[in-house]
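For reference, chains read A, B, C and D in written order, and residue numbers begin at 1 within each chain.
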Amino acid sequence: MSSASYDRRYVLTLGCPDRPGIIARITSFIAEFGGSIVEAGYHSDAETGWFFTRQAIAASTVPFELDELRDRFSGVAADLGPETEWRVHDSGARGRAVLLVSRDGHCLHDLLGRAAAGELPATIEAVIGNHPDLASMTEAHGVKFHYVPFPKDPAARGPAFDEVRALVDAHDPHAVVLARFMQVLPADLCEHWAGRAINIHHSFLPSFVGARPYHQAFVRGVKLIGATCHYVTAELDAGPIIEQDVSRIDHADDVRDMVRQGRDIERVVLARGLRWHLEGRVLVHGRRTVVFS
Amino acid sequence: MSSASYDRRYVLTLGCPDRPGIIARITSFIAEFGGSIVEAGYHSDAETGWFFTRQAIAASTVPFELDELRDRFSGVAADLGPETEWRVHDSGARGRAVLLVSRDGHCLHDLLGRAAAGELPATIEAVIGNHPDLASMTEAHGVKFHYVPFPKDPAARGPAFDEVRALVDAHDPHAVVLARFMQVLPADLCEHWAGRAINIHHSFLPSFVGARPYHQAFVRGVKLIGATCHYVTAELDAGPIIEQDVSRIDHADDVRDMVRQGRDIERVVLARGLRWHLEGRVLVHGRRTVVFS
Amino acid sequence: MSSASYDRRYVLTLGCPDRPGIIARITSFIAEFGGSIVEAGYHSDAETGWFFTRQAIAASTVPFELDELRDRFSGVAADLGPETEWRVHDSGARGRAVLLVSRDGHCLHDLLGRAAAGELPATIEAVIGNHPDLASMTEAHGVKFHYVPFPKDPAARGPAFDEVRALVDAHDPHAVVLARFMQVLPADLCEHWAGRAINIHHSFLPSFVGARPYHQAFVRGVKLIGATCHYVTAELDAGPIIEQDVSRIDHADDVRDMVRQGRDIERVVLARGLRWHLEGRVLVHGRRTVVFS
Amino acid sequence: MSSASYDRRYVLTLGCPDRPGIIARITSFIAEFGGSIVEAGYHSDAETGWFFTRQAIAASTVPFELDELRDRFSGVAADLGPETEWRVHDSGARGRAVLLVSRDGHCLHDLLGRAAAGELPATIEAVIGNHPDLASMTEAHGVKFHYVPFPKDPAARGPAFDEVRALVDAHDPHAVVLARFMQVLPADLCEHWAGRAINIHHSFLPSFVGARPYHQAFVRGVKLIGATCHYVTAELDAGPIIEQDVSRIDHADDVRDMVRQGRDIERVVLARGLRWHLEGRVLVHGRRTVVFS
């Protein structure tokens, strides 16, 4: 659950078909130039025969530039087969995040605070709301707020989504965070932001998909409520899960109690999921994720 | 989360339409004969307008027999309206439980151990298995084991269920525990044992209803697995929930890991739910429960 | 864990020597004027023979003013003996809190956000810091910030504490919150604010009292870190505990990881403890608390 | 939190001073003979400059015997420096455990059940009790029970400890489990069984060292109780911690409630810690542990 050091790192993440010798191939490549591995995670998926790794190399031990590291590694990757997917990112290059919100400000407030405290390895570039309510909270943190009104008729929301898309894409963000946005993204936007759009859903998925999950939880009489941070896909609330957590309730808690208590889980689950995403700790594999936390 | 004292108690549980003065009426009744309330729980359900209470009275402070206590209280209950449901049970009168099992012995082993250690306020009268595997474990604890083979064809299981019913009913048990029984009870048995049949389901319901929930959880890629103790009703895995808990997993856990880790949650969730049921801490209200734990 | 309704309530809290009939006496008093009890909590402490209760009465069902309710109840209290301690507070009368901070802003930011969102039943009247760092965060929320510099020499801090005391007392607050204040209050201030000064300590007390608890936790190699919200008393980190929680760590987490992860526990533990205090849910009994959450 | 596969493995564990190239050296060695790494864990301790790894190699992919694997690897280990500590164990070679108990049987019962269900990678060779109470429970599982009475006078217990030592050593066990043994081992026995003697302490250490921890927890008024599984060292309750967990209590729970609720944590914490120890997942580093769970 960690990030042992905060010095600058080059972080390699890779997925490829599993076979003996992959770790040796990669770590020998790193050892050859004297690279020091600060953090290493490995996973072999027995079911799909896929291999995943994340290697954080101390940047100070790499005797050339990042581009050359990438160039050199591309040869290793080629050896691992044409299906290999990999990237190297620089922990010193600050990430960019854009937040989509509606009226409920607890996740926004929390993320703004974390960004200000340096807890989040990203700059919040902009906040876009389909209601104007959270403009002043955003601007008090020196962040630009865009109000994009959404028509009541779902069928008429295309232009609003187009505007959101343009505003987001202007920042070329590493993360598009639906911080209680309460709008279902159209399939083409899900596709366009695939692997970058992160949602916080206020239930322990797959329970209580869709609208009013706390109300659903109350009606069902569950004894724990939860929250789920997941990548957004075209199927509602069904994308790969990054993080989840729960909190105990009892019969005396009504829906408003659940809403209040649930906020504490939502805040922390979204913040953890977003940080892991930004630090390159999350690798998507079909409908599941590998999280090297 | 407690049971402040272990001395003998008369435990009153009651549900009725809410209105001012109920608590005063009940507690004045108890005060009149000098009864000492050792534990008290109250709940007003704002949504349904129903009132619930559980009062544990030190038996040593009641100057007459249990039957007379019941007689006298029936007058109070009548004042609270014709819909009032109540009962008084004697914590000194040991409960009776019958367990239904299949091949997986972890819940059975756990409950036998708790019963032997005096942790469970009930005697395990008998264990009935649709496989003979757990006979010796049961008999090592001095408990009678009945093997009732079930035919492969679900449509042909009627006689087997009849036999189970007769074996269970011979003990007139306070609890019929499906300790990983893996058979869906027919609707008439659910009805017959309503409020007494308790199941442990190996998922965090309502997620992963039905067969192979850990496999379903693996496929969905959840980050926590759970278990649910609930009353059995005719709708599969949909009865009122008594208790639930969860345990964290990660991408490295395959289905067998989940099964092993899940057993620890199943054991403890079933044991808690059963104890609460036996101590009269669980009041069913529609599809929900009030648990004065 | 609840507060079933958010309508205005008169909340009675009471502690007295236990004997039969207390609940009947109190609830009959309430029933006589037709009062509706929305929430009720009772506790008999077997060890000390003390009785505690919290009764939330719907204000709309009380046919007279709060002062008259208090007047009338004082007769009941007198019957319960001279040691009886009680008060009735009006949930509609907004509480006042003053926060003491140092440089670490995560708890302050969280509480300001909760206050703004209406999650906290109090107004944050002022924030006092022994460093100026958090002034702008405070003022962005429209709250007054007072900077009171503290001399390096602990023996010379008397005048600074006098100034803090005067600034705090000017608001006659219901809660004086040490939101990571990092200064040990002198004994006379502990006494002066007894039952109102609330601290958040960044360990699972009684482990790791005093300075640098995360560093102590790292050295000891614990597998969970925690936070504790407690009333401040003259003995360091030894006051009655209101709330605690923990979070799992592993060998890969160094002190900085613990600090970051610990903040999430500190935030939520302090917020819960403070809310319970403000809602009259916490009754102190010697070195322990009764929390009717 | 896992053990991805249950096929036979050769498990290498190693600790040595950290420097670039260690992982490459080890994994190249494995790749050379076509070994398939099923599970891999790495940790660099920034504070002490030490490196740790655990590699589980599918035995079916090793083209020679275990002894030859060890022989060959000793050359690699020599290259990593004279301080290097390592071992290779065969997951197919069943471990041996001896249990020390007193009167409280919940941990014993739980471990016997897990061993019977194949959940524990060890055979329970014998149980030794300083009271005869748990003899029949032990023997019902077909395990030999030795009763070694302990004199009341602590100073006179030397011969009893000598007898325990002889009984234990006769089995040359991989784990000596103090399953609520309630006796403080003499320093020489701690030394003799160093790294193999595992204790379950019924508190969240370092809180509540020594006798009657639940009573201590009650007096202090904590809101969570815990249990700690740790290696036994000469300093009481101060050995390296393997695993800990906690459970929420409230003011209504007295010491007996804590004892009952605490048993559920003790059982599971001990079982987890013991399994990890037996699977070679725990590496001791000074007063801390690295746990590749």
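Here, contacts are C-beta pairs under 8 Å (C-beta built on N, C-alpha and C of every residue); 3 or more make two chains touch, one makes a residue touch a chain.
Chain-to-protein mapping (UniProt): A, B, C, D = Formyltetrahydrofolate deformylase.
Just so you know, these numbers come straight off a predicted model, no measurement behind them.
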Most remote chain, CA-based centroid, reference being chain D: C
Between the pairs A-C and A-D, the one where more C-beta pairs touch: A-C
Intercentroid distance (Cα basis), chain D paired with chain A, Å: 37
Rounded Å distance between chain A and chain B, as computed from the means of their C-alpha atoms: 41
Residues of chain A engaged with two or more neighbouring chains: 4-5, 39, 46, 248, 250, 252, 254
Chain D - residues contacting chain C, complex: 43, 45-47, 204-208, 219-224, 226, 240-246, 250-252, 254, 287-291, 293
Touching residues on chain D, where the partner in the complex is chain B: 1-6, 39, 105-106, 109-110, 113, 116-117, 119, 137, 140-141, 248-250, 252-254, 256-257, 260-261, 263-264, 268, 271
Residues on chain C engaged by chain B in the complex (per definition of touch): 4-5, 20-21, 23-25, 27-28, 30-31, 34-40, 42, 44, 46, 61, 248
